[in-house]
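Each structure below appears as structure tokens.
Two complexes come next, and they have one chain in common, subunit A, joined by subunit B in the first and subunit C in the second.
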Partner chain A sequence: MNNKIPNFVKTNQFGLLILVIVFICIFSFSTDGFTSRFNIYALSRVVALDIMIGLAMMVVILTGGLNLSLGALGVSAAMFGGWCMESMGIPISITIILVLAFGSFLGWINGFVTVRTGVHSFIVTLATMSIYFGFMTLLTEAEAFRKLPEAFTNFGSLKLFNKYISPLLIISVLTCFVLYYIFKYTDIGRKLIAAGANPDAAELSGISVDRMFIYCHMLSGFLAALAGIMLTARIGAAIPSMAGHLGFDWLLPAFLAPVLGGTLLSGGKVTVFGTMLGAILVTLINNGLYLIDVGEFWVRFFLGIILLGAVLLDRAREYFTVKNSIVS
Partner chain B sequence: MSALLKKDWFGLGLVLIFGSILISLFKPAFISPFNLYVLMLSVSLMLVVAMSQMIIIAIGQMNLSVGAIGGLVAISFTGLMEVYSMSILPAVLIGLLIGLACGFINGYITVKTGISAFIITLATLYIFKGMNLGITEAQPFYEIPEAVKFFGNAKIFGPIPYLVIIPIIITVLMWILMNRTSLGRYMLAYGNNVQSSELIGISSTKIVIYAHVISGLLAAIGGMLVVCRLQLGTPNIGDSWLLPSFAAPVIGGAILAGGKVDVIATAFGVILVSIISQALVIFKIDPFFVQIFLGFMILLAVFINRYREYREERRTKVFSDE
Partner chain C sequence: MSDYILELNNITKNFPGVKALDNANFKLKKKSIHALLGENGAGKSTLIKIITGVYNQNEGKLFLNNQEKSFSSPNEAMNAGISVVHQERNLIRRFSVGENLMLTNLPKNNLGLIDYNTVAKESKKWLDIMELDIDPNTIVSDLTVAKMQLCEIAKALSLESKILLLDEPTSSLSPQDTKNLFALLKRLVAEQNVSIVFVSHKLEEVFEICDEVTVLRDGKNACESEQITNLNRQKLVKLMIGRDEQIIKSKKDIDFTDENLLDLQSINTDLGHKNINLNLKKGEILGLYGLVGAGRTELIKCVLGLDKINSGQILLNNKEIKIKSPKDALEKYKIGYISEDRKKEGLILMHDVLSNAGITVWSNLKKILSFLNDNIVYNKVDPYVKQLEVKTPSYQQIVSNLSGGNQQKISVAKWLASGTDILFIDEPTVGIDIKTKSYLHELIIELSLKGTSIILITSDMPEMISLADRIITMKDFKVVGETINNHSYEEMSSSIMSNIHE
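Up next, the complex of A and B:
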């Protein structure tokens, strides 16, 4: 192992890992409930979702873009799933496939419009965010789907490993491994990265950059839809407001996880496990802030400070690595 | 005439005039004094918010924290008057100062670290909003001096509210800034091409910080105007500003890549969005539909811009062939 990862210590992931451990130590000593079985189980359910949302954002950041519609898209897909199961009586497995396809389709719209207009995806997804969320509220009349099949809601409250871990976390970790494999070892994954890193060079080497960007947006829609299903299973109902107005509640974790994880906003670099660690760190801090009793109204303030601190630290790290590499 | 045709705002202007005539033919209530009054109020508030975002678009960045600054200033403004029984003028000045400081923080961090303004303002959005909630604990301030209430409610004559005065002054000042001062032209140059603007000696530090400070000031004014309008200071002022703040400049013909921003076109964008929202209300269409409509309008504007660029490219190609 040692000769294989000598550079690991220098990476962002290593720094994150240390931070995660430090925060776990701080919170376990300073609060009572942090290591309780209940809290760890609750954490695992929240982390699972934050990882998935972070990954969904990460694959669009890969193209140098952003996906503001993430939350609106995920909730729309989840509501579609609720409608399939409750109103149409479609079996769970088929519903999940339909929801994922629906999410990918919404992602495709984002990608298609972005590529065709050449406008930054920020503006496109800002528009689709309000379109998706508006249609969803209009069609559902802002009513929740609460009579979902028991097999589905039971899955969300299942407790594994001596009742410590939610199965949702296992789905997220598995997704991380699949994405890692795709980006590292498959042809299409390498093409996606190449297109994001240097579109002109990728185009010249015969990669259709436009198509790759659309794929990234579709993947983002797929992952957001998966997050939507997971949230539905966790809550036990599909509620239009479960990600806040316009899905805004998902936005901060969505950006925090990949940015903390070392994904470059300019595109062309993904860190699947960095994003996972980033999501874990965010959830830990969020949970810890509540347990320390900083006051629920100040939690947002501290999350903002942490995001700012994280990007500044990352900037400093980059600066020093560049300086060191020039010296050596 | 052909020079007029090329202007961004010309097409929009035509759409506005014909659209309004058409709507009032179907629904005469549209040009009732009360409706015009409501329309003017919504236009004047959105105008300030849109200008606050527009100046950041001009330098090729975006400011997610516009609403959070507006909200923080709104509750500080009302809080100072209610809790510390401060008189109006110093409260306004402190409000402006907070907006200025928030904008300075955004601009300073962005330009000194080189990190995308999107991430910086996302972080400050949470910081400012968190401070807002931390201070107010999500409770509104109700005690507003009568003079402030009067300013938000009264009409100069006919259906024209007092509230339009400040936004009109701001729009004129912004037009002068962007079209008649070197600072404004430098901002556009910077938004168009950072490298070349630095090569001709424009200080990026100065440009970025000035733009963010102006954006913060305008967001602060927007927040205080909303307080006048609502007659109270609630912590959720500014929460819904994000979409409209981008919609108006984009619909008005600004390209998000920066460097092409038009104050008049942005103002027309604001008026267009307000008229459509108002018309949808008059036609008794579901309010959620207004949101969908706004989204589609942005996409449409984006496609139209793209088409115009495409046509321009073709035209220049033809000339170079000759």
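Up next, the complex of A and C:
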């Protein structure tokens, strides 16, 4: 049946793409300044971060788990980076490598504890969220690092493509391609997905499921740390509260992007570009609502409603569209 | 007036692209046990779903007690007195037997709370009818598998069902439990005015208890309400598969004085195995027979490193090995395991054919930087998928959409592709149609002739006797007997059963 309709049209991403276009149209016509150079540039800076933290959550959702420590972890890594550059005078490139390694290490802790105790990652990361954030606040005495190297902060405010696009967005999009490649074209990516889809079957097929789950958490930590660096570059300083208390501000977009994008909450399916589109949609709605000036609380209200809707969609998806390809 | 309690005439059911039923008839006499047979995909389950109101037919009529009916939901069918007892248990494991039996109509006291005394009394009534010695207050999960099955039937009876559909009711029962079940079914028919539709792949059982047989093939009647006395096994198989059954026997000369390939020496495990000794020769099919709960699958899982071995040794080619995980077993020692539970442990149902068939070979196939694409995997697994004649529209098909037989073929294909020296094969043909079953039997023999050594776990005695070279009997996590198989059913089965009941 329906052989004439190209497969892409039946996917979740296509629906998202339509929604994105619809919202762009609505906001372009109903608000002033939505399409202005300034607003598009600002959007590109925000969406870059939302994509990255969406991906960071996605790789843990893949295991059927979640990572509540995402925000705390990202900020901790960013603060570590601030300390490296400002207090220790470590060069930018080395700092970035150290920060990413540090983020991966914190992710490893999440994964290791989850796998070893058999406790759901919800509880584990709830605990580590508090631990990471508490420790970071203690060590930094809640002070920000504001004297970062100029080369670093300049990068954050660079404007490309006729001053429309932030380089941060390019990093995020590149990351999407790399992740897509990993999941689609590598042995390890396939094993990550298999382990997430059915741990018992994967284990009996000769895959070390525990190791795969730890890899997912490490990857999550890596991406969260990358998001932390990007945020630091964007605001030109490393501030303990830049993702809200305990990193809460990151959680809503972190869930919204992958779930809207078509990643199954029960694990075993990733949608890298779906997550990207999901993040774009969230940012659009956020930004548009601010421009319409409905007020902060309404924005949160709507995002909450969208998340609930997306979760319902997730349930429906488990029944109907598992038939689509596993990596998309 | 006819003496049929249930009559389906000229039923046609179309699914997109498939005619699942094509003018099929089914007539159930009052107080009879009627076998509904057919290969997987012949239309049995579609017919059952029409009877129970899950589907509606496109054409044809359904009569219940000579009245035309059409059920729009399973609930309506149930209220009309039609109950299904599925292969999968429908009991709530943490509830008591009584609560499960009375679930749809729990008695309440004056305060509107559940009246547990009445629950126990009412449910006891049904258990007594079935002469079941079970306390209604027992929690279901404490029952044996066989008793759970019987409770399901009691539950159906308590709904005042006059028609019972039993779908593979004996698949997890021991021979003794099966005997008891059959005695009970005969009694229900005689005393409770119940009519039974019996679906099974085990033809011996059909001859044992059924009065009449209806066979479906490709959605049509291959025969309709045939008296069982007019049939024999060969005729029945021919009706089902459209050709004669090939009897397969392993003909091999294994020199049992050869060196052992795999040797378990006085293994004690965390799960309770006591002093297990067994060995496997090269190219041998070693059968592990035992009742459900004898600890066979558990032993294999301990060997694979999934559960702990407390003492004893595993020797491979006379060298001691320590297997830490199935990954270890596959990659270091070339040992594979085909699980008995293909849906939970054998396959990733939500993934496609290609990734299921290729999962064991990814590690071997990966190029530099772990690169791997579909084409590389396809080239490796395609010969095996073709060899096994897996019927799938494409490699991108999601495995859960395939029939049970094809799913099983894929879970076998992935191990063929991995090229292991030793294969543990656990209940390879449960719920599989005859054609696929004999195909898998041939394959297992062929594999062993080519030098793969196999430990075969099966509860299907004929299967064991036609395939194994040597049969080890297990009971209560111990080895209780070892016999060289001479492929004579009578001799071997009595020898095995005497080992178990000693």
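Operating definition for what follows: the second predicted complex is superposed on the first by the 304 of 328 C-alpha atoms of A that agree within 3 Å, B and C clash if a C-alpha of one lies under 4 Å from a C-alpha of the other, contacts with A are read in each partner's own complex, and residues count from 1 in each chain.
Please note the rule applied: a contact is a pair of C-beta atoms (placed from the backbone, for glycine too) under 8 Å apart; a residue touches a chain by one contact, two chains touch by 3 or more.
As the structure is a computational prediction, the values presented were derived from the model and not from experiment.
Colleague: Have a look and say if subunit B or subunit C is in touch with more residues of subunit A.
Modeller: More residues of subunit A are touched by B.
Colleague: Looking at A:G304, would you say it contacts subunit B, subunit C, both, or neither? Reply first, second, both or neither.
Modeller: Touch status of A:G304: first partner only.
Colleague: Would you check which partner chain A:K191 touches, where first means subunit B only, second means subunit C only, and both and neither mean what they say?
Modeller: It touches subunit C, and subunit B stays clear.
Colleague: After superposition on the shared chain, which partner residues are touched by A:L204: those of subunit B (first), subunit C (second), both, or neither?
Modeller: A:L204 sits against subunit C, while subunit B stays out of touch.
Colleague: Does the superposition put A:K163 against subunit B (first), subunit C (second), both, or neither?
Modeller: After superposing on A, A:K163 lies clear of both subunit B and subunit C.
Colleague: What is the contact status of A:R37 with respect to subunit B (first) and subunit C (second): first, second, both, or neither?
Modeller: Neither partner.
Colleague: If we count contacts the way the header does, which residues on subunit A are in touch with subunit C in the complex?
Modeller: Residues in contact with subunit C: 1, 184-191, 193-194, 197-198, 200-208, 268-269, 322-323, 325-326.
Colleague: Within their complex, state which residues of subunit A touch subunit B.
Modeller: 66, 113, 116-120, 122-124, 126-131, 133-135, 137-138, 245-246, 251-252, 255, 259, 265, 295, 297-305, 307-308, 311-312, 315
Colleague: What residues of subunit C sit close enough to touch subunit A in their complex?
Modeller: Counting only subunit C, the residues touching subunit A are 16-17, 304, 306, 325-327, 329-331, 336-337, 339, 344-352, 355, 359-360, 362-363, 365-366, 369-373, 396, 398, 400-401, 414, 418.
Colleague: Mind listing the subunit B positions that touch subunit A in their complex?
Modeller: Listed in rising order, the residues are 62, 109, 113-116, 118-120, 122-131, 133-134, 137-138, 239, 242-243, 246, 250, 255-257, 286, 288-289, 291-292, 294-296, 298-299, 302-303, 305-306.
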